[in-house]
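Each in structure tokens, the structures are laid out below.
In the two assemblies presented below, chain A is common to both, partnered first by chain B and then by chain C.
Up next, the complex of A and B:
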């Protein structure tokens, strides 16, 4: 047991860790340096302290750009060039994508471009809806079937069908590739520990580098059009699948493995006949994550040519058609909810459902499938006679766009002054002081503090990691922008936690509140943030405050989820013990539930930080001066190196925050004896 | 014709076949490969591109419209993945365009006939508070009207996304104006603020560009700075401030068309048509408002223009 951990243990079972005198001293020095660093640097004639000299900057960005150029234009494996390889991959993705698109949206076409002639129309809206209903029924029951069917009818009635099918087609391609790739990597990581160690940092980077940072190289390598968008989506959505696959394979009951060994399985049989099926439910959680993350990407994917609902959102917000943007955004949410519920039901589905009809004949067993096929054929034939069976008629679509438009206008005219006062107060008393404090810290001291924190939680290994990552940010000349990033994310995370943790507690203690809150945060997470960003700009103007609201709305979910989960999973016996010893409900909460849920809450805050960082690029769209803006500028200038370096800086901030918080969560768990590891 | 024989096997085949036969079979075109034209995310560009596409189709060419980012598309134009970009603005795309044409893989196919205007703009109701507008000095005299808590006592000027350039920070400095420049992140954010202020009749001065629907929908005027000259941007001694450049308004310049260098060889006729394409600001402004404000379908607006101006566009494909 290390001295520090021991010290904090001795401090008793208060749930706020004691602040040792040392850290208090560090804080004082930081505050002093932040306030007087500038004067100090003038007195010592050491300007380098407050502003990293451009002469010391390493040309990492231009080197990456040059390497990229070489990769695109010259790199070769002898027989074929690197670019031919990536173009080959692009082709391999494009073929199934075109097929899915033909089925769902365009119909089977003959010829190219405007010469193309439709040979067979796409699946009719009735057939697709019936297919989804059947899938819902297969996955669980009629209620799910009704929910899924209702979602698709909604898409048709609100006039979102065509775009939704384009989006669905890209999801239908991105998800299987993401899942298969993730599963294979997960298996490799399960089999070879060295591979796991090698791939984990890569996964961290894949999840934390803003997508905009690698869009440009992807465009170079995979060409223009939906394929690049698909590749970007897959890169973004795959990492959780790898992690979950590795975890659930490791979690398979050893007895099952032993049984496999006794039955004489070959390694291949062991993997595909024993381990993968046994890890099934866990793997389906991964599939679900891939679906949700893919849907998160639709807006950004539409910026590089994916089309579909994401494009509708972007285009309508560009002409400030807030209502239409919101409707397209809600269509994404509806699609997400339908796919999410079905995939979760499939995950929870017990395989023995299927066996019940095994005795019956072929037709009886596949009744559902046959009905769907019949519906597809029927709708196709009827569609020849009456177009309503082929495509939902435009005349019967409804729209609520005008309502939203006037709602925002009303809010704007009547509440602007009140909102303005709130905003000014928050800016003056909360945001600006944090900004001044963080931006005032001289960069060398900033690195020292981060390194010390690394040392505190994880000894030399973590200290070294923190020092080198923070050092990278300094030597690339991105320190001031990085600090703006930390400020914006930090302030947002504080507010998100202040709102999210109480809501999480409430959701855990009251089942009804839990349900409502669950729906709200699901919606907030899948509703593209661009949809609410523009009305927020109208109410609060361009600036940090607007960006903060967007970040808080998006990053709230994990703070709520993890808190609720942590409190729900507190051991019932401990609660009983509390009640027996006469705790009031309030004491139960503050003395038992909260302390025990603390490690879980910390992880929630950790996730909140990750999401806040991933929103950065979006906030650049309303005009912030942080790393997100740097990435965005690099994208619009097609500057690969600059974008990747800024993206890496974002990733490094995320990694530093993640490692420090995970380490402290581990320490907290140890303190409460939730985890072994007294060293 | 292969297309026809396959199509005939289907119920609709005959109808489609007829449709194909009826389409004016124009003079033989050089290649039936699709010409890929890029679409961006503002209505004016969608209109220009669809117009050009319709004209080319009419001449018998095969056209494919693809989504691409405004600046990132140059990578595709260089490799020949993409072929035609119909709107590159002198004001925002010059740098990227020059870089691309310098490689020799992309060529400038001349102006679209439209003039890009980018300048400080204010709603008409501000004239009451600031007599003397649109003169820039009058604007400066009532800078306080435009102040917000974050910028007070300076006025707040909402600039374009930093990526668009425009030298507004330098302009404020050089003209010694009492304004603080705040950059919007996207033009959606820019016009969201305008709409919000306009609904409340609140003070605002911001970057607006034309052709765009905003100057049509909202009543207002461009601020009049000392007119732009090349010397003003390059020579500090020019203008009212002898020590600084940029003491003048923004340049107004053409909107260019660019193509992949290979277009000229592969589809010479199409290239000539693209080169010949031209349309005026007023015509475009009217079409943009028809789509964005009257919410009419884009195809309909394009078809209407084609019907009205047949002689004009027929001359491009002669």
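Up next, the complex of A and C:
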């Protein structure tokens, strides 16, 4: 076995040795072509080199649009048409949604439009808050109960209650559907390896395609309205659940599986009585993910018809009403934090014998539930007498909008010059040179470089993948926009790494810093991506720079997290060996910790790139001219094909980056002997 | 088979490569068909086998079946050349009604795979597998479910308790799976929980219990269905030595009450000696000797077996019958032929004269003297 490892290491060396020289040469050629490509193409009379000729463009976008049209207007499965199917799905989602909405927000109505009469009012704000407090207490303790209760009281006091309940209603529908669907697909993938092989690339693609891209076809199929928004939310939030379900099912102790067989379980009993409950804690992590991603979608979903907090944010952004936008944005964050903490606590919850005691009576065991039910009834009855028990009185709401407005005004007056100087300097010396360099590269050479990189890290398989994905971007005529995306993403990732990696090192080396940074990035990751846009737009207005700052903020967390984790998980014995050999703390860091954490850091950068790309599409709202803008335009024009093709292009950039970096991280791990020598 | 075991097997595979010669000579000394069947020890009435296997193979890897079809007894070299891993090779076993049958082997010897083949948790590659005279390998999925529900019980090394269920719910789980009524299965579960001494812990969750207590739950759970064959896969290996001994005593106490047919897996030879009626010793997937503990100590079949028995306190294994003089004689109260040396040592050594030995019916069949006992205790090989 050692012989094999040695042989492969030797083979590795033979490959590694000439590489720096080779890649240096590639870089030189790239720089030269980037600067003189235009002149060269003129000299050779080959304009196609710098601009992909429109005559060569494949009409993929318009074909997709035509196919969609056919699907909606003509396609039929014999028994029913495609249109009837989408209507069926819409109905299945709409009925429970209306019910949840009635319960939380509108109350049970009879009649239509303005003639409608409220038969039963919605749950009162007191009842809902008490319910959340009880849930928090059930999930962990009084502290969590207080946090959750405080969050909901905040929503009431700051006048966000109605919108928040609309949002909560859509979450309450999207999450169970997303969880159930994800679990079923995960089970199918666990049972049938072929299904797993088929679905994993689809999940990869779904997680890398920007959300906007599938908003368009959804809009086309389901029309503008809450149903479309729910469908989009579910599609967005489900993939991680599928993955986590498959993983946790596979992670069930094989002895427990053996036990299930020996107990004589039928396949169905095995799945639902043994595997799924035993995988419970893992599955709950998936539920938490679904909740967080659903909240992440809140604002975007409001572009295709969701109401609630998301709509408030979007509408204020469009009006450039910073104060109102920020208030609604903070309300989303508050809601997100409450739901996140509760679902995390539920995932970590382990019951003990005091609760399960069969001796305790029915009432004692369900005391919490009974109190909540009593509160709901009580609030309902009291609400008939005094409206304050039904709805939080508007007169007592507090608004901070004016404060934010004046803060922004103050900042703009006093800091304008400083901010402007920073912005100009970064634009001139950092962003624009990168942009010029990348956009100058002739597209054929771009494809060649990506393909070479693929060959270097993963031989012909990866080379072929890279070549065809980059080729797709070229033949759809999206090369320049794609390069703008690469430039914005690259610049953001460089800055995010420059900030995140040192912070990660600090967090790993100092316990106190680790704690503080941990809390900060946990909070950053709870925020829906849109929220980052608001303060940045306030300070820097629209443009590439603003987009970059928002992307950096959004994508910072994994760079910190992975670096810290990589450095913390360096084998303690190696550190001791270093200390014994007389390393200074600095040498310990540079000679032992950093090199060994390198593969992990690479994975962190990879994650940063993925987040940056997903955020970039959203920043199209603040006026970038990249693929994100293309998708956004397609959305406003409801142009299915155009949106999908641009979305795929973003996904392909993500896939190329992901495969290359993962392959190089693997190579690095192998070099350090952290992974088996069998390539 | 879990990843760890496979890894162990792979490691083993590379180790056996260097020992190919050794295992080969072993193979020729013990032709496959005769290997497993040891002559019943004296005084052991021949009982029909409850569970048996003949020439059972488990090879991991592609085309394992093809190889065994072409050559029913491939050599280790042949198996390796095909890139296959032999977890069980030509195993023959006869497990008799009511006995504690221990399968002993070091990690990677294939004992865990063998017991999983016997219960068809793993599909054997070739060979016959008989339970109460019927061929288990041709049983349908449905028949296997019924056999496992009503006839088999199993205890696992790491307990394999369902973390979301209480002790009571864990124990009644197999009955629930069978579709037993709630009141009835509750009652039965409480009985077995009492039996293993966990009364009062019914509403605890597994993680609230110590390792020893968890394994008691595992034992109770496997007994709840009143199995006819009781598989125990290294049930005490994950426990601390003191607890382990306590659990072994507990196990012997239970077996004295229940008289199950038991297949017990262990890597601990001391444990095997302590518990077994008969022991099968496995190495590299093959069974190299099956005998009573005393038989193994008196006549180890290979150096490998001898290596295990060397450190065993012989006085605790050898019986008086093995060292007595055939001539009747001596004086005083006779000692039983089936007692171990350790049990009678003090009396015989204290006696001035040889002590008579009686068989099961109380007839005097020989005598034993101080010298014979001392020889055993200081390890001088007189009994052979």
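Points worth noting:
What we mean here is this: the second predicted complex is superposed on the first by the 616 of 679 C-alpha atoms of A that agree within 3 Å, B and C clash if a C-alpha of one lies under 4 Å from a C-alpha of the other, contacts with A are read in each partner's own complex, and residues count from 1 in each chain.
Rule of thumb we're sticking to: a residue touches a chain if its C-beta (ideal position, glycine included) is under 8 Å from a C-beta of that chain, and two chains touch if they have at least 3 such contacts.
From a predicted model like this one, the values you see are computed outputs, not experimental measurements.
In the overlay built on the shared chain, the residue A:69 is in contact with neither chain B nor chain C. When the two complexes are superposed, the chain touching more residues of chain A, out of chain B and chain C, is B.
By the touch criterion defined above, A:367 lies against neither chain B nor chain C after alignment on the C-alpha atoms of chain A.
In the superposed model, A:632 lies in contact with chain B only, and not with chain C. By the document's definition of touching, neither partner reaches A:38: not chain B, not chain C. Looking at the shared chain after the overlay, A:57 reaches neither chain B nor chain C. By the touch criterion defined above, A:303 lies against chain B but remains apart from chain C after alignment on the C-alpha atoms of chain A.
Shared-chain residue A:621: touches chain B; no touch with chain C. Once both structures are placed on chain A, no chain A residue is touched by chain B and, in the other complex, by chain C. Across the complex, chain B is touched by residues 110-115, 117-120, 215-216, 219-220, 223-225, 302-307, 311, 314-315, 317-320, 384, 409, 412-413, 416, 420, 424, 427-428, 533-535, 537-539, 541-543, 619-624, 629, 632-633, 635-638 of chain A. By the touch criterion given at the top, residues 2, 14, 116, 119, 121, 145-150, 152-154, 156-160, 162-166, 168, 173-174, 176-178, 201-205, 207-208, 231 of chain C touch chain A in their complex. Across the complex, chain A meets chain C through its residues 1, 253-256, 258-259, 261-266, 269, 273-274, 277-278, 280, 350-353, 356-359. On the chain B side of its complex with chain A, the touching residues are 3, 6-7, 10-12, 16, 20, 32-36, 41-43, 53, 57, 62-64, 66-76, 79, 81-82, 96, 148-150, 158, 161-163, 182-193, 195-196, 199-200, 202, 213, 292.
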